[in-house]
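Some structures are shown below for you to check.
The same chain A turns up in both complexes below, where it pairs with chain B and then with chain C.
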Partner chain A sequence: MDPKMDSGVLQPGETLEHDYDLQKDLLPEEVVGIMDQLLCYETAWHEGYPLSQNLFTSVHLDRLLWPEPRILEEASFDRGKPASPMAMMNRILRAYCLALIKCCDRVIQTVTSRDYYEEEDFSTHTYNRSLLTQIDEAEIQQELSHCWEWLVGELGTQYNISNDLRRALESRLGFRQTLLSAMHQDATEPLNALDPLWRVTATFLGDMKSNHTLGQPVPEAFSPKLQRRLASTVPPRPVVEYTFDEAIQKMTLLCEHSLETIQAIDIRSSSAAGLLSFTWAFASHKPQPLAYPRALLASFIFGGPPEAFSSVLQRDLEELVFTEDTVLDPLNWTIEMSRSSLIPHDPRALIAKTIDDFLARISQCYAYLWSTLCQNRCRIRRMLCHSLREFDHLMADAEIFDNELHDLSKDTLSNPLMTWTYYHKLRQVEWVVQLGFEQEIYQPDELVGMYWWLSQIASSRYTVLEHILPFTRRRHARFAKKKQLREASSVGRTVDYVDAMVKEAKGTALLAGCLSTLYALLHYLKLLPVPERPYSAPALRYELRMKPFLLTVEPPTPPPFEEYRQKTHPLGDYDQPSSDNLSRSLKAMAADADDAVKMAKAEFAALKKLGAKAARCEAVEDAWKKNIASMLSSCVAAGIATSTVKAACSAHSGISRPPSLKVEMPEAWKRYHDWWVVPKVIN
Partner chain B sequence: MSNERAVGYLTQLIGKTLRITVTDNRMFEGQMKCTDRDRNVILALTHEYRPPSEEAIKKAIAESGSSSVTLPHSSRFMGLVVVPGEHITKIELEDRSLNQPPVL
Partner chain C sequence: MSDAAPASADLRYEQYDGTKEAEFLPAIRQLISKDLSEPYSIYVYRYFLYQWGNLCYMALDASNKLIGVVVSKLEDHRSGTFRGYIAMLAVQEGYRGQGIATRLVKMAIDAMAARDADEVVLETEVTNTASLKLYERLGFLRSKRLHRYYLNGNTAFRLVLYLKEGTAVKMPQLLQQQALCGDEHGAQNPLLVNHDLVH
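What follows is the complex of A and B.
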């Protein structure tokens, strides 16, 4: 029999049962030791390892969970034995374990209620064991408070344990109590209660860290053998070990991230663009938020009554194309369609119907976009590739709706719905490319093309925004003239927002253009290594890279390969440039790149001046500022690189390689900004 | 038995519940899905049953004081498994007719 193929096979002399006595009275030190080990295993589970390789190796948890307890009293360490009063230390450990199991149950419920990827994010497999799902949380809380009261009360003080140990046990019980309460809240409950819970949980973790050394590890209380009794054909696998410090650090981060997600509820009801910037800031945390906080965020975005999420979509339209527009006037929805064919419909009722039809058409794609942003970082990029195609297909429909609207409402931006859809599509294309840089999808010699493509997209985006801006400005002036202050300030915010987005898009286009030119230049100077690719053709590689965008039907679609090649090879083949006066052409390219980076820097600086509020990022102002600062640093670094190359080109006439130049590509973690791969050119 | 009859016999076992004992005395009970010339058997919805170890029996006898004690087999659900033919010591077919009233 092969132990690798058969999870049930026993080695000669090996027994199925562990030889740990669960009825033995535990010392307080041992209880602390077991609790801390359990926390390490819980962390491993949150990090994505299956329960079999961590928590389910605990003899205590195994006894509590199998056979499945129907009532809480059945979940005890001395099952099937005549009931005898349990030693208090064992009882404390039992309460801790019960709460731990209930926390796990809650985590699984939260994660599975949202989109997640079992093989990438989180293992929800419980091996046919129910994690006390049937048992009420209040009962477990009661058991915890009972132990807590005993510990701090008179009885506990008579018990022979030191004050330090008592405090260690207190903080562990307190941690479980607050964590369990925090995990049991949902979006329907008053949130001011949730906020302090996560904070207190994090403080308990700090206490636990300081008195961890008081505990005494009990390795016998954990056995990988227990995996043999789980409903699984997988043979026992090695147990995943985390150190206690790591566990505390990761769990503290989990609390902080969970705490942060609560803000989403307030932001959701105030601004769609704000929610978007918040979600991006959350997803960009390093280390990346774990599956549980991400699911929590998704449940806050989508949770609550169904109209709560659909109002986000409506607000999104309002913030970009319909600010203070009669199209979204709530009054429109109060007017009935005429029932007689002789009386024409009220145009306002028709507007409401058109908008409702459009919202119904788009709501699924829109929800998909948001659930994409709650995934892990790599998933976000891959799912955006699908999402952008959905938005692409929507554009044709949006045009039809726009034509209907055009006849109904005169004072409205031309093609508002198509503009909105197009804008969202372009942003997603940009994100896909930029996440590609972040995740090092592209080889150094592909950067010329990808930055060129990014600059194309960003230019299209600011063209769209510049279509919105004059109209919004006119509307703002009109309201201001009429002294309609509320309307004027609301349109004024949109003007600021669109203006900020224009600056951001322009800066992105310019910096991307600069980097594309700079990389092309470095190729002509033969400073970048090009790997040998005997089995692939440039045209096919181009098709592969552009695949997510080639399938879109609306412009901008990637150009045919010849055109792309011509754009990225302005002076012909990198090995044999076909320019009459090569050194002059190279100089001109360097000057172009230099100009572009200067302008990009000016745009980003202007954006910084407009401030986070204008960009509707006030909720994540710090992250926003940091992001702008990193983009500005990238501009500075790009500026240094271009001017070094420019100087070298001027000093050196002729095509031979300027001897003193050397190029270093920065590693992903050394970049100023994840999305900007700026080479370091050393003279 | 001719090849044709053998195939016919094995075919009618498909979907029936089998109990297969292997060399270390464990039993696997599940629906037969297929078999091959090496007597490997694939069972679906399988449960694994393990007889109590000798030590556990000794301990139980010592505790109860009488020589006839009942100890349960420990069992777990496993799902789809392949039982290698070389380890099989016994194959039993569940006879539903004893437990259930005949269908009229």
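What follows is the complex of A and C.
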């Protein structure tokens, strides 16, 4: 049998039973060694590998879990044997294992309470073993405390344990105590206690790293053969090994990410745009957050009373199109609809009903969008492709609701709901394309087209924003004039926000435009080859590329292939450009690209000046600043490329004697910004 | 195996023949399992070869030794397209870099096109440069990145080649309203799912 297929293969003469004696008294250093190996396996599990390939190879866990204990006492290493006083080291190990199992149980509950993808994100399979679900966490905490007290107390000193080893055991028990407590919280409980728990847990990990070498590995306490006894249709797989340093690093990150998610609770109740930037910043961590912290974030976004999440949607509308608008005046919801057909409805009651209807129509799509942003990075891109279509379909409904509002509220932005829906759709289209750059979906010769498309979308987005901006400015001026300071300041924030988004969208459109032109130019100059691709045709590739956007109905929809081809081949075929004065046309293109990147840089610089608060990103100010700095660096790099090409075009008379430049495409991890693929042009 | 690349000139390219299962199936399994990270059971091979043996091509040397193989299938996909799928591809190490795999893949695609396929898709590990280069040179594009697609935790690209216009906007025959939260298809390697089914 192929050992790759089946790591549980028995060698001749081997049996299914392990020959490890669970009653044997363990040395303190062995206990540390076993605990640390368990941490490595726990890490592998968090990374997505099934329990059978890591923790369930532990002889100790196996004994505690099978047959299933009904009460805590039954979960022991000497099952079925007459009870004898357990040696203290075994007892400490048992307490650690019990807490570890309980942590796994919590993790599974948290992850499965949200959207996740089995195996891809995480493996919830427990092979018919119950992870002490029925056993009260407090009992396990008590057992941990008991062991801890024993260790630090008099009794511990009677044993011949060195202080260092005692401390090593203490930090491991402490780690389990705080981790279990931190994981035991959920969104419905008061959360102020959670923050210190995650911090202390991370500190314990630091201690464990420093005294890991005191431990002594006990390889016999783990057996891949145990996989054979687990009910599964999948053949046993190789055990996944992480070093202890890797485990500490990854678990520390898990604590840090989990800690970070707690902020979502406050941000959720203050700003939808803020929550969005927070969620993106969280999803953009490298390495990306694991399934558990992502599920935690989702539970803080969606958890709590149902109003908590629906108020995010209301706030989202308010922050973009309804700031200090009578449409969202809470008073509207206190007025009853008229019961008599003779008395017309109060318009305020009708407004409330229209908004409620719209919210009801959109809430599922809106929740899907947030759930999308809590997925792994690859999934985010794929699910956004679905989400953007839903938003696209919503436009028609939004228009109907807008018409109703139009008759009910005069001093309101025109088509507010459509504007809002459209804006959200466009952002999602942009994200799909930009994540495509990040995930190396596009080949070099596709960049002309994809950056062209991105610039189209971003231009549409700033057009939307420029529809909102003057209206909001007028409203702000009106409040300011009437000395309604609270209202003026609230509308002022929206003015700043929309202004910041205008700059961001404009900068995006310009930089994308620059890169599209630059790449086209490189093709005309024969500096960037276009593969032959004998089994495919450009129109078919275009169709495939635009698939996520083809089924949308609202502009911009992908143009017919011929039009797209013309836009991306302004001078005709890359091989045989047709232009009356080719070298002049090329120079003009180079000049365009150069101008565009200068303007893009100016927009991003202006955005930076407006600041994180204006962009409603104050909760993630550092990440925001870093992001802008990276975009500015991309502009600088693009500027260098365009001016090099421009200079070379001026010095040469065109295609017949192409300039002797060289183009290098940056490796994905060497880019200034994941979303901006800037070529290096070398003279 | 000697360092000098064995001549590939006198290789024969043949469609798999089900009547010779005993002769070829063990060789195919051996060749594939040597290089692929996924543990495919015998049932997976049979699943493909019984139904789509005519989409499996082999490169054989003068003594009928298997040098390269491509295994694929073609069926209606729930997206509404008639979808070809390249499941496995491998060439003996000493014979690589001579265009053998390219030729096998071309034969499979030609056979699918002749049977009116709309598209051909496959997955490959993001780090498999040789495989990416081979398919992309023919015209495949990357359509998605699949996080932890393989059991070993590695990430894949899905590569797609359209053979016909209108493939992107095809709809399932039974136009079922797709549930919002359901993804278009599960992420994990379908070969392993099949494996589970037949067990």
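The rule is short, and it goes like this: the second predicted complex is superposed on the first by the 667 of 683 C-alpha atoms of A that agree within 3 Å, B and C clash if a C-alpha of one lies under 4 Å from a C-alpha of the other, contacts with A are read in each partner's own complex, and residues count from 1 in each chain.
Assume contacts are C-beta pairs under 8 Å (C-beta built on N, C-alpha and C of every residue); 3 or more make two chains touch, one makes a residue touch a chain.
Owing to the predicted nature of the structure, the values given are computational and were not obtained by experimental measurement.
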Check whether A:C365 is in contact with chain B, with chain C, with both or with neither, and answer first, second, both or neither. second
Between chain B and chain C, point out the one touching more chain A residues. C
Output check: A:N376 vs chain B and chain C. Expected answer is one of first, second, both, neither. What do you get? second
Applying the touch criterion given at the start, work out whether A:H386 contacts chain B, chain C, both or neither, answering first, second, both or neither. second
Just checking: does A:L230 make contact with chain B only, chain C only, both, or neither of them? Give me first, second, both or neither. first
Should A:R584 be classified as contacting the first partner (chain B), the second (chain C), both, or neither? neither
Would you sort A:H146 into first (chain B), second (chain C), both or neither based on which partner it touches? neither
Now for A:R70: first (chain B), second (chain C), both, or neither, which partner does it touch? neither
Should A:L551 be classified as contacting the first partner (chain B), the second (chain C), both, or neither? second
Residue overlap on chain A between the chain B contact set and the chain C contact set? 233
Residues of chain A that touch chain B when the two form their complex: 1, 7-10, 15-17, 128, 229-233
Flag every residue of chain B that touches chain A in the complex, lowest number first. 22-24, 26, 48, 50, 53, 55-56, 74, 76-81, 84, 87
Residues of chain C that touch chain A when the two form their complex: 33, 39, 41, 106, 109, 126, 136-149, 151, 153, 155, 157, 160-169, 178, 180-181, 183-184, 186-188, 192, 195-196, 199
In the complex, chain A touches chain C at residues 2, 4-6, 47-49, 115, 117-121, 233-235, 237, 240, 364-365, 368, 371, 376-379, 381-383, 386, 390, 439-443, 446, 531-537, 539-541, 543-547, 550-551
